[in-house]
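We call the chains A, B, C and D, going by the order they appear; numbering starts again at 1 in every chain.
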Amino acid sequence: MSFNTFGHMFRVTTFGESHGVAIGCVVDGCPPLIPLTVEDIQHDLDRRRPGQSRFTTQRQEPDQVRILSGVFDGVTTGTPIALMIDNVDQRSRDYSAIAAQFRPGHADLTYELKYGIRDYRGGGRSSARETAMRVAAGGVARKVLGEGVRIRGALIQIGPHRIEHSRWDWDQVDQNPFFCPDPATATLWETYLGDVRKAGSSAGAVIEVVAEGVPPGLGAPIYGKLDADIAAALMSINAVKGVEIGEGFAAAALSGEANADEMHMRDGLVEFASNHAGGILGGISTGQPVVARFAVKPTSSILTPRQSVDRAGQDIEIGTRGRHDPCVGIRAVPVGEAMLALVLADHLLRHRAQNPDAPTTARLPRN
Amino acid sequence: MSFNTFGHMFRVTTFGESHGVAIGCVVDGCPPLIPLTVEDIQHDLDRRRPGQSRFTTQRQEPDQVRILSGVFDGVTTGTPIALMIDNVDQRSRDYSAIAAQFRPGHADLTYELKYGIRDYRGGGRSSARETAMRVAAGGVARKVLGEGVRIRGALIQIGPHRIEHSRWDWDQVDQNPFFCPDPATATLWETYLGDVRKAGSSAGAVIEVVAEGVPPGLGAPIYGKLDADIAAALMSINAVKGVEIGEGFAAAALSGEANADEMHMRDGLVEFASNHAGGILGGISTGQPVVARFAVKPTSSILTPRQSVDRAGQDIEIGTRGRHDPCVGIRAVPVGEAMLALVLADHLLRHRAQNPDAPTTARLPRN
Amino acid sequence: MSFNTFGHMFRVTTFGESHGVAIGCVVDGCPPLIPLTVEDIQHDLDRRRPGQSRFTTQRQEPDQVRILSGVFDGVTTGTPIALMIDNVDQRSRDYSAIAAQFRPGHADLTYELKYGIRDYRGGGRSSARETAMRVAAGGVARKVLGEGVRIRGALIQIGPHRIEHSRWDWDQVDQNPFFCPDPATATLWETYLGDVRKAGSSAGAVIEVVAEGVPPGLGAPIYGKLDADIAAALMSINAVKGVEIGEGFAAAALSGEANADEMHMRDGLVEFASNHAGGILGGISTGQPVVARFAVKPTSSILTPRQSVDRAGQDIEIGTRGRHDPCVGIRAVPVGEAMLALVLADHLLRHRAQNPDAPTTARLPRN
Amino acid sequence: MSFNTFGHMFRVTTFGESHGVAIGCVVDGCPPLIPLTVEDIQHDLDRRRPGQSRFTTQRQEPDQVRILSGVFDGVTTGTPIALMIDNVDQRSRDYSAIAAQFRPGHADLTYELKYGIRDYRGGGRSSARETAMRVAAGGVARKVLGEGVRIRGALIQIGPHRIEHSRWDWDQVDQNPFFCPDPATATLWETYLGDVRKAGSSAGAVIEVVAEGVPPGLGAPIYGKLDADIAAALMSINAVKGVEIGEGFAAAALSGEANADEMHMRDGLVEFASNHAGGILGGISTGQPVVARFAVKPTSSILTPRQSVDRAGQDIEIGTRGRHDPCVGIRAVPVGEAMLALVLADHLLRHRAQNPDAPTTARLPRN
């Protein structure tokens, strides 16, 4: 990961500002001969699209992706796949106020200090709108990983309200506006977040993403560990402040006995009795599901005025009106899935470059 | 970060196995004319060195570093700085048992599945011994950052026992064998971890690292955000399962109002009233202290036998005897500091490559 | 340089096929606050544009570039600059023959062997059309380098006919359809290449590119030497088979005495009496003009039938009809300039990352 | 290639100065389970070793390599392979003169302008001594490529004297002190270079390296073309001023008809009637031998005094006494082979990362 490019062998470069002409990405290093259509990519984009419930921003963007290159006769050719989405709903307005002000919690000040300039319209480059291209690229990554690898995500906490893990039901995730796997908690959130929204306030969230069917051996120690790359990938999503693998921070309180994932043989494969490790040991996938969580801070755009400063160096008060997500964590679910898919696709290619004969299941090498 | 190399412009490549001839690293991209002596590097190595209390492994390694290149007349020359530590205490023993067994929680199985082979002596490449070279390289990074940037770390949790934050005293950190900033908790840990050690069990930990004096502007959005690179750097340390910036996971439960870091002007500089963000907004440093935490799982080497499998595909029971850290989190403190130093040094160079005229304090650009 | 991305700190990623929807690039790492307009980029694109004389392909492409991102209020913002050119003259035709045949000298066979598929329309990704985006990105690189650095190119050989170096006149380069600095040779080429064209044959060429005003110190030994990166950059241009710096291959026949560039002081700066080195010593720029040459093979598309094979494994004869450049080397002149600009811009940023205080002229450091 | 690291997936980082403690390298990304001994590496080091005839420097370095890591039980483990050579013959002398002077043709001035300091002892980092580690790493690369790929080099020109290509006999290369495949020319060189040496002068050279058995498909267009990477790799060798692939600069004078490599089928494989392309089309290997040449300038260390300047900004005269190669091109032969091996090994891994199912011979894909 460097600057606006993600990955080593399977690489994604994104571009575009929230209110510019278009946003787009170039997916490079994709293996050839993989069937790829706009629909493959559009599916997850639609899941991330704003304006689908009252709990996300009311900006109306069809987010219709176009494939500009790299696909021929319906399959990938091994050359760069350029994807582009035209920005449609760049609502015309007067930006003179926001242009000169630094909103707390936003990247306004830091972009200005780093670059001496920023495109202030809708957050410019630092807008979560950029994540649409991550989701688009993630759609390609999923195809590279193939149907054997299944990547899903769910929202497991909004504000102080965590789901009950024992009620987890993947089938529920698409049945509510929160990607919530626990219908009882979804109902609770509906009330809670409704109140937050009406108050012009905002709430944080925790998302869990899971990849099943990941072959063992992915991950490149020491400085390209699978969990290290996942941590960077998830932390790079807007507003994320924490990342965990498997037990995560809870592991600190466990004893070595409780945290050990015991192993046994079954049908010639190594099988684990538990998955405290979240599918990764020594930076390398074990073949178990890869489990990661990330925390999203509450949306920084709130109605209540906060103390800040402006470009002229004056103390000011600033509150945000207009369209915003009361909980940006909701739409981060498909984004988190996409980032996990991108990391895994990159590592799949890196792994087979060095270890083309490695087993794809937890089958022990012959002695 | 890729494979065994860390960083883009300030780059570190490490090599070596726990029980091989030597461990070492090559620090590339270091600016020239920086005074550098063995002592600069040895200081933190000594803080990380094993065998200094009963709470760390009894392996005796003097960890005496040598500078092989890149320093001339007492200053860096801009060419690669090679550092090396000879392995001294590779205790002679019979490895035939461990050679054929996969210890739960260790990287034994995954190295074997990925590479079809592993150096099983003392954990080989996956041993925490590799982190000595991170600390050594971190010593160079600290010199690159200069005296204006101060990086310190502390242990804030062992097992279920967290320090009381209000009692934080940096001066205490070197007064106990735990790098603990809260003497009352250090006393509690002494008893707790003593019991854990006698029982042949192990405990996890949480470490906090803080960098003060970091100039604003460090961080390269979108995929090279400062927090993303810190997350990867810390997650790449052995046994780490979670990483947080600023409020971290606790941010999920805060309201937007509570989480906002308000700003005002003081003496021509932007000043913050709080630091929930941990010194980073939009992936770019604000000029406030950069604050990160990471969770270390309990040492996987425990006395109590656990179910596992061997190389021949037989179910076995395995328990670990001999030297080990009852809480590997303790010695992770200087390692965490080193990783933070490495990320910051790399980003300092990257930042000035693109933005040579950016301010080094939170002074607003002229309009 | 890797895959479809060029550069380390100033990075360009290109995409697009000859007859696809569009071609484009993403310029990442560009410093902020640089004035940039479409005209800055269009100028060199127009110099490279096909169909301007009978000595280049008759394909009519306006090659009108658009800036999609990274520029705000007329200046760069430090975020990725996306540039795009719509393909207009994708002449509708029957590709069934070429689809199944491998043309000698083209990349048809190798793309097929590598990827198992290729976009055969107009050469697809391997078409020289991709070089339009190099020229576009080079326009940005020129702005990064600033007015103090002047990069120019000239054609110095077509077929066996070399210019007379003593007649070199930069002002002549734009006065003939060959970028030829020697008007007498340009007249000779007009006849020669006219005959080649009418015969349906083709000719090779040699191009020289020169960068004046390059500050000393650019280049990152050992594996990022300035000349090594220039060699890769020029060799990556379609149909290039050789690259030289300074004396190049002729240096092999010189004595050490003849090849030495003697130095003396003038006005406090080190000055050279000659430039056999082509402005680079030890992989680092000296401050003298950087001089490079590259050889372009004759266009592979010729009328005379050649023996080849088809996709079904049958021996065939194949000759090329339709639009093509009788000497692709001509339009390679602005491409070579662009590649040199891109290398220099990247190295400028890399140099100041490590050596922010290095002198920008050949002024000796104080003792 | 960047700074002191070479390659993407198969990566080599070198360190060390001519008269420092040691020189070394770290080979990262090497596939596991490859048998590797010191002898595998020592063989080519001995071919490059100085002091073996009166035509190379009389410095006596045994150049005995040690393997510090990454090899276990006689095979590679997939972890970094560290190689090191202790410097033995750092002849003790007074460097005060050379310390303050800039020798023409050397990197003295440019290192000083870039870094403000240099290790002046024996050329420091810019010494050709660094190439020993390229040769060592190349030995590992050869093992990765396997016995099916044969890489050989020969000296084909010294000063103005070129071999007669029709007399090329690979068996002769080891029968003379020049790596010359043409015994008649070797005799001529013996006289010529003897005179050059006695006169304290020096001569340039041209080297040809050939890789047979290279599978088709290696090379990553657009900016990671196989020939572009070879060009950079060869140009990065000390004193190299030009690089050619296949016909090279001579291609400029050929007609399209003469330069076309015709194809036909033989035994189910595509076969070429000639190899003007040097085994690479569109940046991708064809399966034919990869043929490259590079030109080495005459050794800059000569007896005859030349005009130069010193560190204090005074005009001086400078001539070189003591040990040096009258023609550095001779020992560049094994270095050129090593660089070609490194590029091919890296591309082999990159190719199979993206195209694991690509054919390893020029067998056409099924329709």
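The rule we apply is simple: a residue touches a chain if its C-beta (ideal position, glycine included) is under 8 Å from a C-beta of that chain, and two chains touch if they have at least 3 such contacts.
The structure displayed is predicted, hence computed values, not measured ones.
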{"item": "Chain separated most widely from chain B, comparing mean CA positions", "value": "C"}
{"item": "Chain pair with the higher count of C-beta pairs in contact (B-C, B-D)", "value": "B-D"}
{"item": "Cα-centroid distance, chain B relative to chain D, in whole angstrom", "value": "39"}
{"item": "Cα-centroid distance, chain B relative to chain C, in whole angstrom", "value": "45"}
{"item": "Multi-partner residues of chain B (each touching 2 or more other chains)", "value": "3-5, 8, 14, 29, 32, 78-79, 111, 114-116, 125, 221, 355"}
{"item": "Interfacial residue positions of chain D with respect to chain C in the complex", "value": "1-6, 8, 14, 102, 104-107, 109-116, 125-126, 130, 157-160, 196, 201-206, 216-217, 219-225, 227-236, 238, 240-249, 251-265, 268, 270, 273, 276-278, 280-287, 295-302, 304, 306-309, 311-315, 329, 351, 355, 357-359, 362, 364-365, 367"}
{"item": "Of chain A, residues touching chain C in the complex", "value": "3-5, 11, 13-17, 20-24, 26, 28-29, 32-33, 66, 68-70, 72-73, 75, 77-82, 111, 114-119, 124-125"}
{"item": "Interfacial residue positions of chain C with respect to chain B in the complex", "value": "8-9, 29-32, 78-79, 221, 349-350, 352-356"}
